[in-house]
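Both of the next two complexes hold subunit A, though its partner changes from subunit B to subunit C.
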Partner chain A sequence: MTHGSGARRTVGVEGISRVEGEGSLRVEVHDGAVTEVALDIFEPPRYFEALLVGRHFTEAPDITARICGICPVAYQMSACAAMEDACGVTVDGRVRSLRRLLYCGEWIQSHALHIYLLHAPDFLGCADAVELAEQDRGAVERGLAIKRTGNLVMATVGGRAVHPVNVRVGGFYRAPDPAAIAALREPLLQARDDALATVAWVSGFEFPDVVGGYRFVALRDPGRYPIESGRPASSEGLDVSPGAFAALAVEEHVAHSTALHARLAGRDPYLTGPLARYALNAGVLPPVAAEAASAAGLGPVCWNPFQSIVVRAVELVFACDEALTLLEAYEPPDPPAAEVRARPGFGTGVTEAPRGLLLHRYEIDADGTIVTARIMPPTSQNQLTIEADLRRVVEAGLDLDDADLQWRCEQAVRNHDPCISCAAHFLDLSVETR
Partner chain B sequence: MIRPPARVVVAGLGNEYRRDDGAGPLIAERAVTRAGRGSVVGPLADPLDLLGEWDDADLAVVVDAVHSGQMPGTLTTVELVDGPDGGIPGGHRGASSTHGIGLAGVLRLARAVDRAPGRVVVVGIEGGDFSQGTGLSPEVQAAVPSAVRRVVDLIEGGVPCA
Partner chain C sequence: MTSPPGATARPSLAVWKFASCDGCQLMLLDCEDDLLTLTGTVDIVHFTEMSRSTTAGPYDVSLVEGSITTPADAERIVEIRARSGVVVTIGACATTGGIQGLRNFAASGAYASTVYAHPEYIDALETSTPISVHVDVDYELHGCPIDRGQLLEVLTATLAGRTPVIPGHPVCHECKARGTVCLVVAENRSCLGPVTRAGCGALCPAVGRGCFGCFGPADTTNTGSLAAHLVGAGAAPVDVSRLFATFNANAPAFEQEAAAQGGPVPVPLGDHRSGPGGGR
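After this line comes the complex of A and B, so read on.
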């Protein structure tokens, strides 16, 4: 939608498709200068935190899993980590490995979904995945096959692919049978091959020449790529405990949005997600993923947000490979869960959701009743940076016609795979340029 | 003689922590239990998760809470057809959905890769309360038995769409 004339121009995007949730983004350009960028969220704020207050601490993983249909395991894992932190419990290595395997399944299905069905159409001139399927059926079938394997991993470990039911504070209700885990090997080998083909495919896309100036924040987990554990770190030397990070990452309300916007120390915007994880952890990728990254032309840091699809594909290779490593070493945890007794206090859990760092922090009382709850999803942490990206994209694309500029802005948002239903239940993204 | 479809998948879309949005999974579960046949899938938060779940079905019944301005508890049954909106009233963009690709889009995608069920029928139950929390509103709760009967009839091949 375009309004105005002369030096003032308004491009309005009523909603952005292929973004989880609905929202609107408004960009104003006046006399060739971008004067305003505002990501608007129309839906009332999320009340999941309020819903959690008064519930038993053991209910948090299942309740918070319902926040997002794409990344329920992330919510379960961060909730478990926070509750175990509050109760002073450390789970054993077998439980940790099984959690990591489950989480790999979620990364695989989520990354395959985003790359093939939501993001790739942008680069190939397709309106959506249906058009892409008509243009390149083989690619879409490959993406769907990878996604199915991710779902299979989640169903095998978590009991079902959507909103897994086998996760509990302390571990799992039941340890999967070794034969069921071993049966994942063949599909995962195929998925890893398909993921390598994915890297080759997306690295051949044409990328706008945009360089973002990012403050990256991701977990670091000594010796391995972070998924279900680690310490929050940044590209500027931050290295803190999860609890200290919860204090540092200050969320604020802004007038145009009902989601919270996070800043470090109340001041600095930052970016979480694949670009940040890769920038802080590329050196610990397994050889197959590191070689794929190198072949795709990625250096140790990727500053072009449009190439996030390549980084996501490299992480897809990593997740398939990591799942294979974990299943080869699988030994059922016995017992499948540590005993967790409530004690009064605070607990913080941070894990790497497919879209970025997901923080949960709770206070529970002596009976295990939740007193306060705070959930900081990756999208609300990335929102200010997405706005900054949009400013750069608009400034670099003022010579584009409205339709192309609008398309480019939508792409810029999808680069970060925002899951607005995590940040608020719905988001309508609209862009206005004047 | 009415011949029931050989392979039936009944999918419940919705979120049981958004009150009436949880009606779909509840109805799907009860209908399959009552019919004694068919596979139940759900709760699904995203229609894309139907891919892979309904591929081999002769009939897929998708049960979902809807928001169309009718009285809460009103039932609507629609068989999806080819086209951008799939024949769903107002379904061209899934205006009240959080999902990246709506149900009609997912069916078009499934058909494009030859993984679509033979038929897809949507049973919609009008919701009145989509706020955070568990439990259905009284109006929707009262309509659950009728919705279950309608889905059972579809499983048994006895209900034409209207």
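After this line comes the complex of A and C, so read on.
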């Protein structure tokens, strides 16, 4: 295959690696112009929105956790929030703090996984973290240590790191023992130091000069960086309730292996995730994270998607610091869960999964049986924007040879940490992509 | 074992994904302290979640996550089996069909039309089936998710050419071992511990909730006796049915008991707006 003006050129990646789930991408270039970009998903659908119908509303957190083994807490938290909304219950105080601590564990685990094992190898010319460890074993060990601490937080609060067992609608089955929470302090102090070293490390990478024009969407939670609650907001002034956002974010199912694409008001693609959260909430980062961002050269908004790894590292600092703040103040919630009685109606829950905004909406009947379910994961919201990024990356990289351009495209997809396992339950499946 | 360790090269390990959540293969990356030791012991030659490099095989050991839900995947697993010395399935999806196996009880086409505006774009099977329905499997490791320690045991045993030491007894043993008071006896709570395979460490009873069977049936079970006890203690049959029909709904022992209690989830999709309680 040749490249250069006048030639027809196809860049394809059969199985995108170092993402969660199975997808492929295809870019067509004709006469130096990008004619087609497609991020194809061949992850088989699992029909969660169908299999939830007829289940009891208290089962939603455990069932939807199984959508994603990387971010099960996000699914549990959005499911709980939606059911509590449906039943008219507000969960606050100690239970909310404990949820935030559990969620910090997931951010730490997921961000460390993405930065060290999935994303950094690209910047250093390595096929994977094993090859990276041959170059720089200390870096990989640091990443694995941070990840282990994230898992430790999840196991301590949630009972298990993958698919935690301690979460229920209303709160928790059992409040962790204060001594167990206090024991997280030392590992988290180390993880925060390691996270600061991570920011310094990744901010020294070379970044392709690509600038995206994004419509950012993230939660805003007064005075706090958003994790387990907040109102959906956008860089263009949107500020709505979760229920109103559910009505505004319209998903389409289109042919030829494109995804259920979410658009605002059925029109505008948008981006959720670290770049969006940072753009809308940088002002409320705690000092240690804000200083790390500043030292890394990040302005108030980061427009280069390749630098999302720096923003993710800043969020890693934040999540460690926030977990430390929460554990210092920890008092076991008593009771560990609010009582939630079923009442017929609709409920919406939105929280910030590590890779972006995750929306659940359910209708339940008087005895608590789920009547309808809708789940909108971050990746289906980001898919149109990822494709737009790919177009920009190819246009800026036409001088690269095919192998390098292909790698650059893969990297551009990984910039947004897509979770295809999550998204695929809502995405088209086409045999043409195989 | 087709390729004894120490022969010429390090044994090769491949990791494959079918319909699943990635959580079981994540257990490999969650080995953290042991991960770099593992990668120094075996050649991980195909693991899409971890690496962009791959080889065409053959593979000494293949770990398989997920269930078969599409015609293309039904063909792919046959090819993987042909290129693999040992096939180990990991997790509830691969060993019993997983949570997505609930579709096996639904009316034809109901699930696709509930989720997708254009079900005609979807090329999926009406069923979610375990890997063992399609090819010979050398070892099955259960759990939703699998236990990291058990995964390392299976890998170690496979590489050493011995049978993995994985218990087939119920979760109750683990509750007793960790000194957790029985929720069924002491608190009259619903718990599948007496019929569920051990391996998690009895995590749920330890936080005060009944086991929900994510490791699937133990080697020998008496689900009828347990279900009768739970219903006798006041649990609604529909709730007992749901409990059996969740993450391992197609495991025969659980499927039969869910059916005996009136389930699983007999909701006529598409007709589910018929009124309050209409889904039952």
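One rule holds in what follows: the second predicted complex is superposed on the first by the 412 of 434 C-alpha atoms of A that agree within 3 Å, B and C clash if a C-alpha of one lies under 4 Å from a C-alpha of the other, contacts with A are read in each partner's own complex, and residues count from 1 in each chain.
Basically, contacts are C-beta pairs under 8 Å (C-beta built on N, C-alpha and C of every residue); 3 or more make two chains touch, one makes a residue touch a chain.
On a predicted model such as this, the values are computed, not experimentally measured, just so you know.
In this superposed model built on subunit A, subunit B and subunit C take up the same space, so to speak, and clash.
Legend: residue contacts after superposition of the two complexes on their common chain; A:54 is shown touching subunit C, with no touch to subunit B.
In the superposition on chain A, contact is made by A:344 with subunit C only, not with subunit B. When the shared chain is aligned, subunit B and subunit C each come close enough to touch A:151. Greater residue coverage of subunit A by touch, when subunit B is weighed against subunit C, goes to C.
Look at A:168: by the touch rule set out above, it reaches subunit C but stays clear of subunit B.
Applying the stated contact rule after C-alpha superposition, one finds that A:372 touches subunit C and leaves subunit B untouched.
In the superposed model, A:117 makes contact with both subunit B and subunit C.
Look at A:410: by the touch rule set out above, it reaches subunit C but stays clear of subunit B.
Mapped onto the common chain A, subunit C and subunit B collide along 242-250, the only clashing stretch among 116-124, 224-232 or 242-250. Within subunit A, the residues touched by subunit B in the first complex and by subunit C in the second are 15, 17-22, 46-48, 50-51, 63, 66, 68-70, 113, 117-118, 128-130, 133, 137, 140-141, 144, 147-148, 151, 161-163, 421, 425-426. Residues of subunit C that touch subunit A in their complex: 17-27, 29-30, 32-33, 35-36, 39, 44, 48-54, 69-73, 98-100, 102-103, 106, 110-112, 114-118, 121-124, 128, 144-145, 200, 203-204, 206-209, 212, 214, 239, 242, 246-247, 265-267, 269, 272-273, 276-280.
Only residues 15, 17-22, 46-48, 50-51, 63, 66, 68-70, 113, 117-118, 128-130, 133-134, 137, 140-141, 144, 147-148, 151, 161-163, 420-421, 425-426 of subunit A touch subunit B when the two sit together in their complex. Across the interface of their complex, subunit A is touched by residues 15-18, 42-46, 48-49, 51-52, 93, 97-101, 105, 108-109, 112-113, 115, 132-133 of subunit B. Across the complex, subunit A meets subunit C through its residues 15-22, 42-51, 53-56, 59, 62-63, 66-70, 72, 113, 117-118, 127-130, 133, 137, 140-141, 144-145, 147-148, 151, 159-163, 165-166, 168, 172-174, 252-253, 255, 260, 344, 365-367, 369, 371-372, 407, 410, 421, 425-426, 428-431, 434.
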